[in-house]
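The following pair of complexes shares a single chain, chain A, combined with chain B in the former and chain C in the latter.
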Partner chain A sequence: MRRLRAAKDKTARYIMLGIAIFTILFLLAIGLSLFFKALPIIREKNLWVLLTSADWKPFKGKFGFLPFILSTFYVSLIAIIIALPFSILTSIYLNSYASKSVKRLFEPVVDLLSGIPPIIYGVWGTLTIVPLIANKIATKFVEYSTGYTVLAGGVVLAVMIIPLLISIMVEVFRSIPKEMTDASLSMGATKWQTVKRVILRKSVSGIIAATVLALSRAFGETMAVLMVCGNITQIPHSIFDACYPLPALIANNYGEMLSMPNYESALMFSAFLLFIIVVLFNGLSRFTLNQIERRYQF
Partner chain B sequence: MKHLEEKIFKVIMICAAMIILGVLVYIIATVFYRGLPSLTLDMITKLPGGGFYLGKEGGVLNAIVGSLYIIIGSLAISILISVPLVMYINFYLPAKSIFSSLIRFSLDILFGIPSIVYGAFGFALMIFLGVRASLLGGILTVAMLIMPIMMRSFDEITRLLSHELPDALLSLGATKYEMVKVIMKQLMPGLVTAILLAIGRGIGDAATVLFTAGYTDNIPASLNQPAATLPLSIFFQLGSPVEEVQNRAYASAIILTVIILILSFSARYFSSRFSKNKI
Partner chain C sequence: MISTNQHLTSSTTNSFIGMNEAITLKKLITNQSIKIENLDVYIEDQHILKDINLTIPEKSITCIIGPSGCGKSTFLKTLNRMHDESPEVKISGKVFVDDENIYGPHVNVIDTRKKMGLLAQRPCPLPMSIFENVAYGPRIHGIKRRKAVNQTVIQYLQYVGLWDEVRDRVRTSATRLSIGQQQRLCLARGLAIEPEYILGDEATSALDPLSTKKIEELFVKLKEKYTIILVTHTLRQAKRIADHIIFMYMGKIIEAGPTEEFFNNPKKQLTKDYLSGSFS
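Moving on, here comes the complex of A and B:
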């Protein structure tokens, strides 16, 4: 009887260890398989050319990823620029000002915003943001715009990353010891002065980490951006130009282009690119955030 | 002076918070406003009929059932892997082991990988294994996407559990495996919360199933048949030039939104119950 129990315990332990190792290897497996799938095109074209050429004619064997890389970058940048002030202000409000009932009201709001599927954001974007840009905003700056633009992608993405930013920043602000803010308040500083001089200054690394994390989320967002940003292969010159981010490129073409081995490899290259950027950004910011959490745990 | 600044910034902060709340309401309202006129009982009880994509009758039952199949299958896989893993990090490994922080770190990164990358990886894997776009492919790929979500949220809840109960069980002579079996009962509401969160993410994601699950107007009868999914159904209907079909896309968007709302609120309910039961 005792031996049976011990054997069960041992078996369970080994199975669990196996699963744990599998989880770590899984990450490696994704990276490696994407890399090897992308290798043919890297070998053939030279990495530098792939990254810096704007010449995208897959049927003539020309694969310049610059338009897609820049599109991804611009859309994400606009999203961050819009989302950051809203997120910081709201997180400060929730952390230092709001009453318990307001906080309780806001939790489901953040939950829901992060739970709404990308496709719904896309639908909302095409119904509201795109016509708004085409009819109201763009007319003030350029002669004509379809509304399917860098700006539309940026706005929709901004709404999508706000919940991520808020939930991390609230954690970051909360990790600041109460003694510090109390000290500042008891010296006669107003709440806002305390926020400005103590809380914000103490959380710079946390805010940067949250921003990097949100940026990497924005880089990879596919469906919502694809639906509102026009998908025209070009280097966008203004925020009222259409653009074509990397994830949209994969989503629109992968699966149909298997007959052309080069094309498939090129798409895998873009997936690999996304993977590397996201892993780097995520790794860095998670590392920073874990450090912050540890610093204030005791 | 400083009190004026205080007031100004307080107003700005309240505005920012109100705008965020307003956007959420605006999104849900837009979807309902546009979709409600086309939301009929047929939408959720009928398969797409002939000429459905030209505006003739039918519904999106194929997508609802397909999404359901895929999420059930991928849930089964991810629960089987997540639960032992979380138990292992929390109760088998020492509290501050390098191995457990390495696992948590890779979970964080897996969590951040975009769904389109999982989709591309899943599809490449399927080609390698000789599986065509099918229910099975969709289940496997969605499982990859939701596994890190489930593991992380379940791990976070498990970490809150105090160590008194495990210690008491061990001191009574239980093996670790027996201890874990008892603790799992305690953690049930937490697991349910994690599952609901994972369903929410998995059921709404289109990029993972885009290449891997395929699309069909029928309900898949076996694992190697293609399966329709709700997000893709919305996407394809939206791409149609026919206005009626587009309206149906909005109606389908309501169905998806309602599913997400229900999931989100029940997750909240279970997690609040959990915090009450906490020892």
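Moving on, here comes the complex of A and C:
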């Protein structure tokens, strides 16, 4: 009996280990298959040229990915610049100021927001953000803009990642021991002083981790951004120019014109690029977080 | 009227006399003590403190003893208005600190808390360096000059006997100190806001005997300048350092008096039972 129990225990352990390894293998499998599909174009063209050229003429066999790479970064950057202050302040309000009833109202709404399908954000962006930018905002800065711009993509993306950021940050702030905020308050600090000097300071690494997660999501977000960013292959020179991020490139073109030489491989290369960007970005931020925690071990 | 006094002293501070002199001046002017009248505290529907009437003598150590759940900590929190942070707590009655009812209509919570240095049960360093922990109080209350802050930090770290132990690492994280050192750091941090009262909520219960002894010695040293109110769960500690004892049971004050009288000649049966250890 006892031996049977021990055997069961061991089996359970190894089965779970197997499943865990399998999950990790997915990452490797996806990366490798994208890489092999992209290999023909990497072999034929110079990798450096692929990454730094802005010349995108698939008919003539010219594949320069720079406009797509830059578009991806610009849109995500604008999204995070808009979303961060919004979500930090909202989560601080929910954590330190809001009454219980406000919290009970807010938190399900935030969860609901993160569950809304991207296409709905896309439609909403097309109907409201795009005309707003075309008619009201862009006219103050440039002569003409269609509204389908980097800014529109950034705003819609910001609205999409804000609920994600808020729900993580609320958890981050909640994990700060009450004794710590009490210590600050009991010395006569105001709530705002406590937030600035204790809560935010204690949460730096959590906020960075949340930002990384939101950015990874932003890099890959396809549908909503595609609908509002204009999809013109160019290096955007202002936030009122149209742009064409990597996911939109793949989604718009995959399955079409695949008879063109190297075209499929080029699309796979852009998928591989996106994959690498997200992986590198996550690795880099993990490294930074470790450095921060080692240096400031608070 | 007290507030005008304070106003007067603080304005003179800035112009011609130093901080410490101003504080002694303030202490001369005001009648420094705590008086509590008809204090009732409810947490949701529970009646936690029942009709407390009390005077706490100045410049001495008053220990509040009693079994757990008797309302000791709740009582302590009414003194620095930390219950304000919990909306489910309702308070009625009057608490006079320096002749001013801190639950009165025009009282600034921050001023009240600044008068009360709190030492919590477990030391809780803020997420910053040792130096910044002690500098925190002066800084939030508007002292910006680096020299003044430095001086305050060193002065109070020396006072609690921590300076020699940490002088070469004051810029490192406070969480790396031992728990006993952390508690002395928290005491220094509390003193740096220049309070008039020190509140201790079982401040030594997480500490080893040696650290406990150090903290107790500090309390005895501190009572020359401050009025100290301690909640404690050990009778022996109360016997060792208290000048006055308050015995609470089920939210009421059962007996209060000078330490010697309280331990040698308790008047109530409940006190006798508690002291003999028939319940705890």
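To be clear about the criterion, the second predicted complex is superposed on the first by the 257 of 298 C-alpha atoms of A that agree within 3 Å, B and C clash if a C-alpha of one lies under 4 Å from a C-alpha of the other, contacts with A are read in each partner's own complex, and residues count from 1 in each chain.
Throughout what follows, contacts are C-beta pairs under 8 Å (C-beta built on N, C-alpha and C of every residue); 3 or more make two chains touch, one makes a residue touch a chain.
Everything numeric here is computed off the predicted structure, so don't read it as measured data.
In the superposed pair of complexes, A:97 makes contact with chain B only, with no contact to chain C.
Judged by the touch definition given at the top, the superposed model places A:232 against neither chain B nor chain C. Legend: residue contacts after superposition of the two complexes on their common chain; A:193 is shown touching both chain B and chain C. Once the two complexes are laid over each other on the shared chain, residue contacts for A:177 go to chain C alone; chain B is not touched. In the superposed pair of complexes, A:201 makes contact with chain C only, with no contact to chain B. Contact with chain C, but none with chain B, is seen for A:185 once the two complexes are overlaid on the shared chain. Taking chain B and chain C in turn and counting the residues of chain A each one touches, the greater count comes from B. In the superposed model, A:26 lies in contact with chain B only, and not with chain C. Overlap of the chain B and chain C contact sets on chain A: residues 190, 193.
On the chain B side of its complex with chain A, the touching residues are 2-3, 5-6, 9-10, 12-14, 16-17, 19-21, 23-24, 26-27, 30-31, 34, 81, 84-85, 87-89, 92, 99, 102-103, 105-110, 112-121, 123-125, 127, 133, 144, 151, 175-178, 180, 197, 200-201, 203-207, 210-211, 231, 234-235, 238, 249-250, 253, 256-257, 260-261, 263-265, 267-268.
Those residues of chain A that touch chain C in the complex are listed here as 99-100, 177, 179-180, 182-190, 193, 197-198, 201-202, 296-298. On chain C, the positions that touch chain A within their shared complex are 80, 82, 85, 87, 110-111, 113-114, 116-118, 120, 122, 124, 126-128, 136-137, 140-141, 173, 175-176, 186, 189-190, 193.
Those residues of chain A that touch chain B in the shared complex are 5-6, 8-9, 12-13, 15-17, 19-20, 22-24, 26-27, 30, 33-34, 37, 85-86, 89-90, 92-94, 97-98, 106-109, 111-113, 115-124, 126-128, 159, 162, 166, 190-193, 195, 213, 216-217, 219-223, 227, 247, 250-251, 254-255, 258, 267-268, 271, 274-275, 278-279, 281-283, 286-287, 290.
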